[in-house]
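In the two complexes below, chain A is the common chain; its partner is chain B in one and chain C in the other.
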Partner chain A sequence: MSVAKPLPHDAARLHVTGAARYVDDTPTPRGTLHLAFGLSQVAKGRITSLDLAPVRSSPGVVAVLTAEDLPFDNDVSPSNHDEPLLSDGTVNYIGQPLFLVLASSHRAARVAARKAVIGYAEETPLLTLDQALAADSRFEDGPRIYEKGDAAAAIAAAPRVVEGTFDLGGQEHFYLEGQAALALPQEDGGMLVNSSTQHPTEIQHKVAEAIGLPMHAVRVETRRMGGGFGGKESQGNALAVACALAARHTGLPCKMRYDRDDDMVITGKRHAFRISYRAGFDADGRLLGLEFTHLVNCGWAQDLSLPVADRAMLHSDNAYAIPAIRIESHRLKTNLQSATAYRGFGGPQGMVGIERVMDHIAHDLDLDPVELRRRNYYAAPGTATGDNTTPYGMEVSDFELHEMTAQLLQSADYAARRAEITAWNERHARLKRGLAFSPVKFGISFTLTHLNQAGALVHVYQDGSVHLNHGGTEMGQGLFQKVAQVAASRFGIPLEKVKITATDTAKVPNTSATAASSGSDLNGMAVMAACDTIRARMADHLARLHQLTPAEVIFDGGSVRIGATVEISFDEAAKLCYEGRISLSSTGFYKTPKLEWDRIKGQGRPFFYFAYGAALTEVVVDRLTGENRILRADILHDAGASLNPALDIGQVEGGYVQGAGWLTTEELVWDDKGALRTHAPSTYKIPACSDRPDVFNVALYDGQNREETIYRSKAVGEPPFMLGISAWLALSDAVASFGTTYPALNAPATAEEIWHAARRVSDGV
Partner chain B sequence: MGKQIITLTVNGEKHEVAAEPRELLVHTLRETLKLTGPHVGCETSHCGACTVDIDGKSVKSCTMFAAQADGAEITTIEGIATPDGMHVLQEMFREHHGLQCGFCTPGMITRAYRLLQENPNPTEEEVRFGIAGNLCRCTGYQNIVKAILAAAAELNASKEAAQ
Partner chain C sequence: MYNFEFEKPATIADAVAALGAEDAQALGGGQTLLPTMKQRLAMPTKLVSLSGIGEMQGVCSNNDGSLSIGGATTHATVAAEAAAQYPALADLASHIGDPAVRNRGTIGGSLANNDPAACYPAAALGSGATIVTNAREIAADDYFQGLFTTALEEGEIITGVRFPVPEAANYQKFLQPASRFALVGVFVAKFADGVRVAVTGASEDGVFRWSEAEQALSASFSPEAVNGLQVDPANMMGDIHGTKEYRAHLIGVLTKRAVAAAS
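The block that comes next holds the complex of A and B.
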């Protein structure tokens, strides 16, 4: 069987030779036009004059389009119809597209786009959470509140209380391949769009609306993305729609890609949060009551902010059974880029909140932080003596963290290292080392229940080769390989016989975004259903030829055994079935079972299951400069019965480093006019190879999904991101060694933030 | 300003190409010579996706004018494979899962190719710092480092065997 094998990425050979094609590498027809947006230079106001004559006369320019030139819907929002492709006269953030330039080259379009003479009636922008809250500028009528028990009463009655507030920054996706799309006009007005997107169906939907055609006239194809991380769930809409409109306008193929600076200035990022907490607990550290307030900076348009903010609330418990809890979430509207999906989709922010509380309580009680966490864990399956439900009323029935924590602490030699580090810190005044553990419990499924569906299309050709297609997109995570491994296993054939093909809305319709870590769960099951349909037809026919029952036909090892005596190759079997006029093509469909969720009440079962992980990180910090390094990270992660351990470990390693980057060096800075000042890798620091932990031990937990998922595997895209929280906590632990007060770090814990915190702790404030 | 004719030897093949004075080398390679392995990642020489080898040095081709490369010998990812098949580095990146989305991979391998000539026997730390100018957002670098160390070991073993 192909499943469970650590096979390389399906396109690895193409990647290492430079032959893998991304949108910008695709050969374009002669006459292809290149597009660029003209961008707003003010954060809030109205356009009073727009002189585009210098743009139109710029060399190479073919046409310039404004909102008035758009024939149908001027909207690229994935949710609320509040995001015009081109400004309708109002401007809402610095970087908002105002007009569209069509030119003979990418550079000509960009040069021209900067030549417009624009007059604005400027208004005072809302940039900060405080400003938005004061102006009551928000999405939804008021805060969303999820509650279990009476948190205020529980805190009032608790022997001890800690409270605090901290800021948690956003994050730029920094997919290495910037946003890109190419539209090729077809006969009869149809449009073929090649898009770097996690959501081809939505691109199809928005393009169809924009050019006034039914969805059947628009076909979207996505072979691969050079990274997505959530940043290509909705943020590719603008480029694809712009290309389609320009192609319709000129009859020529049109391509658009954002240069890195434009990409960072135009597109949304991870939501920044401010989290306030008040926690009541007993002398043993058991949580009795907890209150959270989330202030969420959503930016100017709704995009996916409501489900992102919901998911943050849904991860405010992380791994802990909390008797009484209240979470209040304000989704604030500001004049910044519209924050969007990013790996974890709000989950990381919620989880940082509760892990901060745990850290603070452990410091308050001078109790080992791992021990404190274990005392508050949900009960392992079959051991619950009381309530073991989440704040939203879902029974936790698959809790793996007791065993995982024990295994990790042992393999990482926690107790001895803790003692050694404490002793080392006593001998060193300027440098301090820190060590911290954090667990992950991440809910798997889209919280918008209807998105939990997937389709597949499988053909077996008469030579025994297999063509595989499904609704998921490949962004590097290895989805295509994992799903091909499923198909090869169902037919009992070698993987080479399965041809993986580009995601195509004409092959599998009405797909969900490849998001919520659900790619292999959903598409693997849909492909299995399609393969099993074909396999059953084949077995039925072959059995009939030999007067046997279908159960006596076995597909294995590239052959088909029919009864005890006959064995033919899969290729021969396919040929026989074709000649027997058996359909060798099938669709497959899957919908996740057991889901029931009311997001207004905050009650139900939004998740099919939970994925778990545990990390221990060691750092060192320098009090005089705030500089710091991750010295060692040990990780044990739960991917269920992994479909491909090599690819899954890659997700865990990459997720951890990206998560640690978010909480340490990746700082987004806007100036007081609302201009993003960190709009290139020169000023926005993602982890480099030299930042990677010196020692990095990663293992998968030996287990299987307790729910019936594809080969009992678990989703692995997002959960490991939150293992990076342990790096932030380790920095807090190190800084705490400079004195006795709690460091109260903000995130990201940049060198500057650590320097300030170390001074506060040293001075005892 | 008019175009000027420059001569580039790319992957062993000599080309005379017309380039505008402000044309960046990466665009000449990608658009004129159709070598799309070097990718455009950041346009400011930070990410390394456009790394090529010029006269024995790793160069980020997004911050060099094509005209500055007049007369140079250039190797791109397309020229790293040997007639017998993939270069050991390419094999090792595949085998050790040194890639996910693959967008940084051509630049990463091209940089590693030069690194192993600068230092045929690097320590793990030397690899980590040696490729610090090439960003990867997917892998966390662990398998990239493994792949380069494995390639170094294999190249050294085959050198010894040849002696």
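The block that comes next holds the complex of A and C.
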């Protein structure tokens, strides 16, 4: 059975040789036009004059479109209809698309786009959380509040209290392949769109609205993305819609891709937060009451900010049973790029909040931080003596972290290393090493319950080969391979017999984004359903041919055994069924069970289950400069019964490094006009291969999902990102060794931030 | 990029003649100039490549113990050929940019450009080098005149650089992690008659000598000698990669590191 085998990514060879085709590699018909947006140069105001004559006369330009030229809906928002494709005259951030240039080449379009002469009536932009809060500039009427018990009273009665406020920066997705789309007009006015998107159905929906046709007239195909990370959940809409509009306008194929600088300036990023906390606890470190305030920088449009901010609230407990908690979340509207989905979808920000509280309490009590965490853990299944519910009232019934923590501490030799590091630090004044543990408990399911559905389409051809299609998209994570392994296992055939095909809205309709880590869970189940339907039909027919029951027909090892004596190849079985006029094609459908969620009350069961992880990171810090290195990371991650351990470990490694990058080197800087100053890899530092820990031990926890998921596996896309929090905590631990006060690190903890923190700790500055 | 003429003379004399044309520009390794031209931030009518001039290539020792480096010598060549005579200089050259930059970029090009975050200006000023042009010799102390500004006249070519070889020297560079340019770089050189300390990357006026540290280190060449000395943050650069205070502080740290590594 191919499920659970550590097989390489299905396109690994194509990726490495360069043969893998992305949107921009797709051969285009002669006459294809190339598009570029003209971008706003001011952060807030109104356009008073727009002279496009120099753009139109620029070499290679075929047409220039403004909002007035758009025939139907001028909107690319995934949520609130507040995001015009082209400015309606109002300008909301530096980088906002104002007009669209159609030209004979990518370069000609970009060159022309810069030639517009634009007059603005500038207004004072809201750029910071403080400015937005003061102006009461926000999404939703007021803050969202989730509560359990009376946190204020619990804190007032608590023997000890810590409090603090810290800033948590955003993050650029930095997918290797930038945003891209290609639209091919069809004979009947319809549109075929090739898009680098995590959400083909959304592209279909927005394109259909923009060109005034039903969804059936628009077909979207996505073979693969070169990375998504959430940045292609809604941010691809603008390019695909622009291409479709331009194709409709000219009757010619149209392609658009953002140059990297444009991509960084135009598209949304991870939400930056400011988190304030007040925690009451007893002398043993048990949390009694906790209050969080989240200030969320959403940027100019709503996009996915509400569910992102919700998910931050839903992860403010992380792995800890907190008797009384209040979380207040302000979704602030500013004149910056509209922040969007990013791996973890707010979960990481919420989790950093509570892990910061744990770090602070451990420092306050001078208690081993791992021991503190364990004392506050939710109860293991079957061991709860009292309340074991989350702040939103969901029973935690699959808590694996007691065992996982014990295993990781042992395999990583925690106690001995802690002692050795303490001794080492006493001998060294300038360099200090730090060691920190952090757990992950991440809720799996879309919090918008209706999104938790998926479809699949499977064909068995008369030669026994299988065509596989489902609604999930491949962004490098290996989803297609994992789902193909499921299909091969259902038919008992070798993986090579299963053909993986591009995601296509004409094959599987009404799909959800490949997001919320749900790809394998949802699509794996839908494919299983489709395969099982076909297999049952085949078994029924073959059984009848031999006067047996379907239960006596076994699909295994590329063969079909019919009763005790007959064995034929799967290929022969397919041929027999075809000749017996058996339908060898089926759709499959899945919807996640048990979900019930009221996001306004903050009550219910938003998640089917939780995925867990545990990480221990060791760092070294130089007091004089703030320079630092991750020396070692040990990770134990829960992928349930893994569908493919090789791909899952790849996700864990990449997630950890990306999470650590977010909290250490990746610093987004806007100037006081609202212009993003870090819009290229020369100014924005993502982790490189050489930045990964020298010692990097990653293992999967030997368990299985307690809920009935596909082969009892667990989602693995987002959860490991939050293992990187341990790197930030390890830096805090190291800095704390320079003095006695709490370091109170902000994030990202750049070298300069660490230098400041070390000075605060050692000089009291 | 705008259109331009291209010439590749074989002698200094021919290069000087070619640079007489209006808006002509000398081309070293092109590691700064070509990207600038691609951005259309420069529009020379003619590029005069210096890479074909044999007399501007290579590293050699002089009778007085100093080291002469041709202006068109690449960083990679300096890294390889200066290693025996002036290891600190070779080490600096071996850490400029990446291999592509080191195989194309030249010492003359770097010094003529005088980028505030470049490494070579620190070596030249820190060593008290002499910049040799087709017309004259310029002491490093007179040569660097602010950001991207030097004593070079229009059409003047750096044909070579003459480095006195110190008793001990070291260069310490604090990398801006994304671009790997120097956020601050400090070159320390100890000569029989005193110590020179040159700082790049940090000041709003480009490379400069930290005279207080030089005095202290001339009296006692040890990291502790720098204790208590502090560069005034007011004149430092503050930008998205580091504050003035951080840069001023790093100068002290890197100076000590350089002294420790050199002594």
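Definition applied: the second predicted complex is superposed on the first by the 764 of 765 C-alpha atoms of A that agree within 3 Å, B and C clash if a C-alpha of one lies under 4 Å from a C-alpha of the other, contacts with A are read in each partner's own complex, and residues count from 1 in each chain.
To be clear about the criterion, a contact is a pair of C-beta atoms (placed from the backbone, for glycine too) under 8 Å apart; a residue touches a chain by one contact, two chains touch by 3 or more.
These numbers were taken from a predicted model, which means no experiment stands behind them.
Superposition model on chain A: chain B and chain C are shown accommodated side by side without a clash. By the touch criterion defined above, A:A727 lies against neither chain B nor chain C after alignment on the C-alpha atoms of chain A.
In the superposed model, A:S682 makes contact with both chain B and chain C.
Of the two partner chains placed by superposition, A:L184 touches none, neither chain B nor chain C. After overlaying the two complexes on the shared chain, residue contacts for A:A324 are found with neither chain B nor chain C. Applying the stated contact rule after C-alpha superposition, one finds that A:E752 touches chain C and leaves chain B untouched.
Counting the residues of chain A that each partner touches, chain B and chain C differ, and the larger count belongs to B.
In the superposed model, A:A341 makes contact with neither chain B nor chain C. Applying the stated contact rule after C-alpha superposition, one finds that A:L98 touches neither chain B nor chain C.
With both structures placed on the common chain, the touch criterion links A:A19 to chain B but leaves chain C unconnected.
Using the contact criterion defined above for the overlaid structures, shared-chain residue A:A615 touches neither chain B nor chain C, since it reaches no partner. Between chain B and chain C, the minimal CA-CA distance in the chain A superposition rounds to 5 Å. Overlaid on A, the two complexes show chain B and chain C touching the same residues of chain A, namely 681-682.
For chain A in complex with chain B, the touching residues are 6, 8-9, 11-22, 24-25, 27, 173-178, 224-229, 257, 259-261, 475-478, 646-647, 649-650, 653-658, 680-682, 686-690, 692, 694, 696, 698. Note for the complex: chain C touches chain A at residues 174, 177-179, 240-243, 246, 249-250, 253.
Chain contact summary for the complex, chain A toward chain C: residues 624-625, 627, 665, 667, 669, 677-678, 681-685, 751-752, 755.
Looking at the complex, you find that chain B touches chain A at residues 30, 34-44, 46-47, 49, 76-78, 81, 86, 89-91, 93-95, 97, 99-106, 109, 125, 127-129, 131-145.
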